[in-house]
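Same chain, two partners: chain A is paired with chain B first, then with chain C.
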Partner chain A sequence: MRARARLLLLLPFTALLGVFFAAPLLLMVAISVSRQSFGELQWTFTLHHYARFFSDAYYIGVLWDTLVLGAIVTVASLLLGYPLAYHLARTRSRWKPFLLVAVLSPLLVGIVIRCYGWMILLADRGLINATLVERGWLAKPLPLMYNRFGVAVALVHVFLPFMVLSLTGVLKRIDPHALEAAMTLGASPRRAFLEVTLPLSLPGILAGSLLVFSLAISSFVVPVLLGGFKVQVLPMIVYEQVLSVFDWPFGAANAFVLLVISIALIAVYIRVTERALRGIV
Partner chain B sequence: MDRALEQGASLSEARAADVSLRGLEKRYGATRALAGVSLDVAPGEFFTLLGPSGCGKTTSLRAVAGFVAPDAGDVLIRGARVNAVPPHRRHVGLVFQSYALFPHRTVRQNVAFGLRMQRTARVEIERLVADALALVQLPGHGERYPRELSGGEQQRVALARALVTRPAVLLLDEPLGALDKKLRDHMKIELKRLQRDVGVTTIYVTHDQEEALTMSDRLAVMRAGHIEQVGAPREIYETPGTVFVAGFIGNTNLLAGRSRGGAAVECAGVTIATAASAPAAGAPVTIAVRPERIRLDDTGRLDNEVAATVAHVVYQGETVRYLLAADGGLELQAVELGRVRFPAGSRVRAGWAAADARVLLS
Partner chain C sequence: MILRAAVGAVYVFLLVPMVVVVVAAFNSGTFFTFPPQGFSLRWFANFFARREFMQALRLSTELALWTAVLSTLAGTLAAIALVRGRFRGRDAVNAFVTSPLLLPQILTGVALLQFFTLVRLHQTYWALLIGHVVVTTPYVVRTVTATLTHFDLALEEAAQSLGAHPVRAFLEVTLGVIKPGVVAGAIFAFAISFDNFTLSLFLTSSRLTPLPIELFAYLKYSFDPTAAAVSAVAIGVALVVVLGIARVLGLEEFTGF
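After this line comes the complex of A and B, so read on.
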């Protein structure tokens, strides 16, 4: 009875997941191997669209750019987020709740507004460049926007909370005495960090990085607004193929490639963490 | 045992270190965690800091380890002032109540850590780690992870890890606090044996007076950031210097009264003969008498005797504790070995020798 009641409670969510996630996903896979002629889908099986993707240097290039962008955003979030998370995990300050809200604040602002905010700062006539040029410190504005830099900055801004939260949870669980024990055993503070804190925070680093990377490679609005179509990423190709070119099968194949990359990452993550974390959890 | 002695020898420092604290002060906001702590620990001594929660035991220990920078005062190891020496160069071994083993390292790697930091040769590390694990009676556990060990085993790994580098001082902060009673009793003996075999100077922190009395060569009773009394366990137990020490160590009858000059004190209308002469007549004093020193209906002559009614009998197995209401209003506790001789309500004569009545300034 209990078990059945519990299953019953799971039903709405399972149904939601099935209808709005699993079914469209299957449909997408089906479309990606179908043929399209004169706007009509023909339910066949062909790998033509995948072959087209992987044999065209342009698409390979975009895929590569997407992954590089993801890597840059991930590394930057990690480097910025780690000290922040460390402080959050250890501080006993009464300002901690405010700090936490500040860390989460990017998530409280709509994505378009956030992007326009960055445009105001980064544009050629934006706050930063205008100030620098007016003061005569620079002859020409710095290229801060409509390039990979601008996109990365805006992406790091919004994904940082995910990294910080993943790290804080893990860092909090590390016994501060373990670090002190390492020091009394002759490890300098730096060495103690490398030998104890860093390996023990590996689960958080991996979880946060994975989250940020998957989110970054599938982001669409930020690359469009801050990249100004000078930065091409895979989600933009998908959008273009489906909504401008109306080549649904090819768009679906692109989307599926993106999905497979994410899934592969998760698989690697699980394997790596299992091995690296023997003893930790 | 002989083998253990040998291993102990391989881990012991050529010359045990002495440790001194000189007038240590430490403030945390409004809290005075240390209010002038001074003590000298002899080489190879098992020295205990005993006191109630929050009295500054951990803070003192962490000052020796280098994790607490005192506001004033000095820490000396082997006579050298180490205030400015960072923790990783002080060469102390520290064992926490939570053990603080490295969860991502095996037992062997945990124990080898300190040796690795000292850049000891590989082969030498192997040998010393094996020795240390044998010393704490955990051979064959090297490849396990800490979470695969019981609390008592983790405790021993923490000890082995701290001892293997031959520290100048071994610092133990309530290391038995997380163990159950039976294991604690076992580890108490084990720990003392280890310490004696290795001969390392040890500072032990506890709020358990029984641990302090049974394990220490000497102990310091602390209270609110300062030291009340330092001495051998017997000295502290039998001749407490202050009301606080008398009350904190063991169960004691504390009788408030007024000095009558000479070696006599008046408590609730009863004149009590005391060991030492009391201060000037009229001064308020407290008399401390251990419950086991109070004789009930003793045939011999005792210096002090009061008539009393047994108010309560507490049966404790090995011993029986009587709560007595003496005529005149004094309340006394007496402890006897063996069976219950007086049921509640009986009239008894309670007596004690003048030598067992210590005068403490109130």
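After this line comes the complex of A and C, so read on.
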């Protein structure tokens, strides 16, 4: 293909991205190091907003809570996702297409709706509590929502498909004969799994975990709806600063902290998946 | 045996919130307990009677349609350029073109909000549409790339050596081959736009609220199953989308299984 033709084909989308994606992100970084007085931006350089973020115990606490929540969600997704991915990679069942739909369909149902489903289940007068109390098995409802537990449950549900997809891709490429060979040589199924399958699936584990972690720490809707403002995370601070307090520079600085974390995670993710794709483990 | 039970439990975990929403939509009671209190369509009636929901539904559908059209065009062109031939900086362009997928949407949202405000486009239909095209086009690039990578260039060359004009060779041979990828990309773009929440949150105004934002606003103040009826309709749309992709592309192909 000639260079000019290629340029013409690439131009519409790269130009669009340049103007409406790259430029706005650079602008956001610029705003995070400028001043604002009486709602007017002044383009003078300052690191004040970053100093404010990193010297205030409240914001550091929120950042820490966000990372802890991300870690909890990642580990839980891995524990739930691994058996599912393992089964999906191996099964020859007639039902496989339906199983795939079951894994994928949550991805196509809006995030607000999935949160709402969990609200119906977990609320004080929700399905679980109402049923338990009505039957007299519980005196008062369990605190399932408007706390970290509820947020974590819904986050795992929202991001589990990403984990399963990352794992299945790697698990499928593992030669079943390697496992058989280990068992023929006398390894118990458990040992064969621990010493053959698990190490070989590490790239998938790493890729899926990075993906889920980076998605979980940047989620906004789930903490708002299931945390009921009792669980504070970094994306909520960003939202409040930009859309309620109208402190753009500080909001942008918060966003930039999140941006640096996700770019670091994405960089590692790309390296991991590229390596896994090349087959070098 | 234990594996099977665990796997079954995880499937239940994945599907239960959606099932609950759909059942709640048809349940007559305000609070949903087990067993359901009785069949009723009153929540759907309330949904269709509320002007804000109907306006939001219309806006979302129209927005998703335009988004699908524009991102399918831009994404298909970019995918063709990226798959055909090697050139310097291809990996960089490839990374750039798919970067909106990897970046948390809350960041894209904040950046676009500030940008559109400064260029005086904030809270306009254009801002919303452009934002949606930015985040959906990478999906089209991916699905089209997936079908193009298997494509044998010799086919197009054969058509040309048989006397077809390069443009005609492309239209009749290449487009025929990548059609599943293009259609799947378009369907995907529609679904992503229709369900988009995070980006829309930063670009909407009170006159311009897509369905997920309207639903979110409703859920913050009330808890009645009208929201379930709205959700059931959206889940119906999602089901049609999954079945559509399964038909044109085959799910196994699509997810790389």
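In this section, the second predicted complex is superposed on the first by the 260 of 281 C-alpha atoms of A that agree within 3 Å, B and C clash if a C-alpha of one lies under 4 Å from a C-alpha of the other, contacts with A are read in each partner's own complex, and residues count from 1 in each chain.
What we mean here is this: a residue touches a chain if its C-beta (ideal position, glycine included) is under 8 Å from a C-beta of that chain, and two chains touch if they have at least 3 such contacts.
Keep in mind that this is a model prediction, so the values were computed, not measured.
> A:Ile205 in the overlay: touching chain B, chain C, both, or neither? Say first, second, both or neither.
Touch partners of A:Ile205: none, neither chain B nor chain C.
> Now for A:Leu171: first (chain B), second (chain C), both, or neither, which partner does it touch?
neither
> Would you check which partner chain A:Met163 touches, where first means chain B only, second means chain C only, and both and neither mean what they say?
neither
> Quick check on the superposed pair: does A:Val151 touch chain B, chain C, both, or neither? Answer first, second, both or neither.
neither
> Give one of first, second, both or neither to describe whether A:Ala181 is in contact with chain B, with chain C, with both, or with none.
first
> Using the superposition on chain A described above, determine whether A:Arg191 touches chain B (first), chain C (second), both, or neither.
After superposing on A, A:Arg191 lies in contact with chain B but is clear of chain C.
> Quick one: chain B or chain C, who's touching more of chain A?
Between chain B and chain C, C touches the greater number of residues in chain A.
> Applying the document's contact rule, which stretches of chain A touch chain C when the two form their complex?
It comes out as residues 1, 3, 5-7, 9-10, 12-14, 16-17, 20-25, 27-28, 31, 80-81, 83-84, 86-88, 96-97, 99-106, 108-121, 123, 125-127, 130-131, 134, 157, 160-161, 165, 168-169, 172, 214-215, 218, 220-221, 225, 235, 238-239, 242-243, 248, 251-252, 255, 258-259, 262, 266, 269-270.
> Hey, which residues of chain A end up touching chain B in the complex?
Per the touch definition, chain A meets chain B at residues 175, 177-178, 180-189, 191-192, 195-196, 199-200, 277-280.
> Within their complex, state which residues of chain B touch chain A.
65, 67, 86-94, 96, 98, 100-106, 113-114, 117-118, 145-147, 158, 161-162, 165, 167
> Under the stated contact criterion, what part of chain C meets chain A in this complex?
So the residues of chain C in touch with chain A come to 3-4, 6-7, 10-11, 13-18, 20-21, 24, 31-34, 73-75, 77-78, 80-82, 84-85, 87, 93, 95-97, 99-100, 102-108, 110-115, 118, 130-131, 133-134, 137, 141, 191, 194-195, 197-198, 201-202, 212, 215-216, 219-220, 223, 227-228, 231, 234-235, 238-239, 241-242, 246, 251-252, 255-257.
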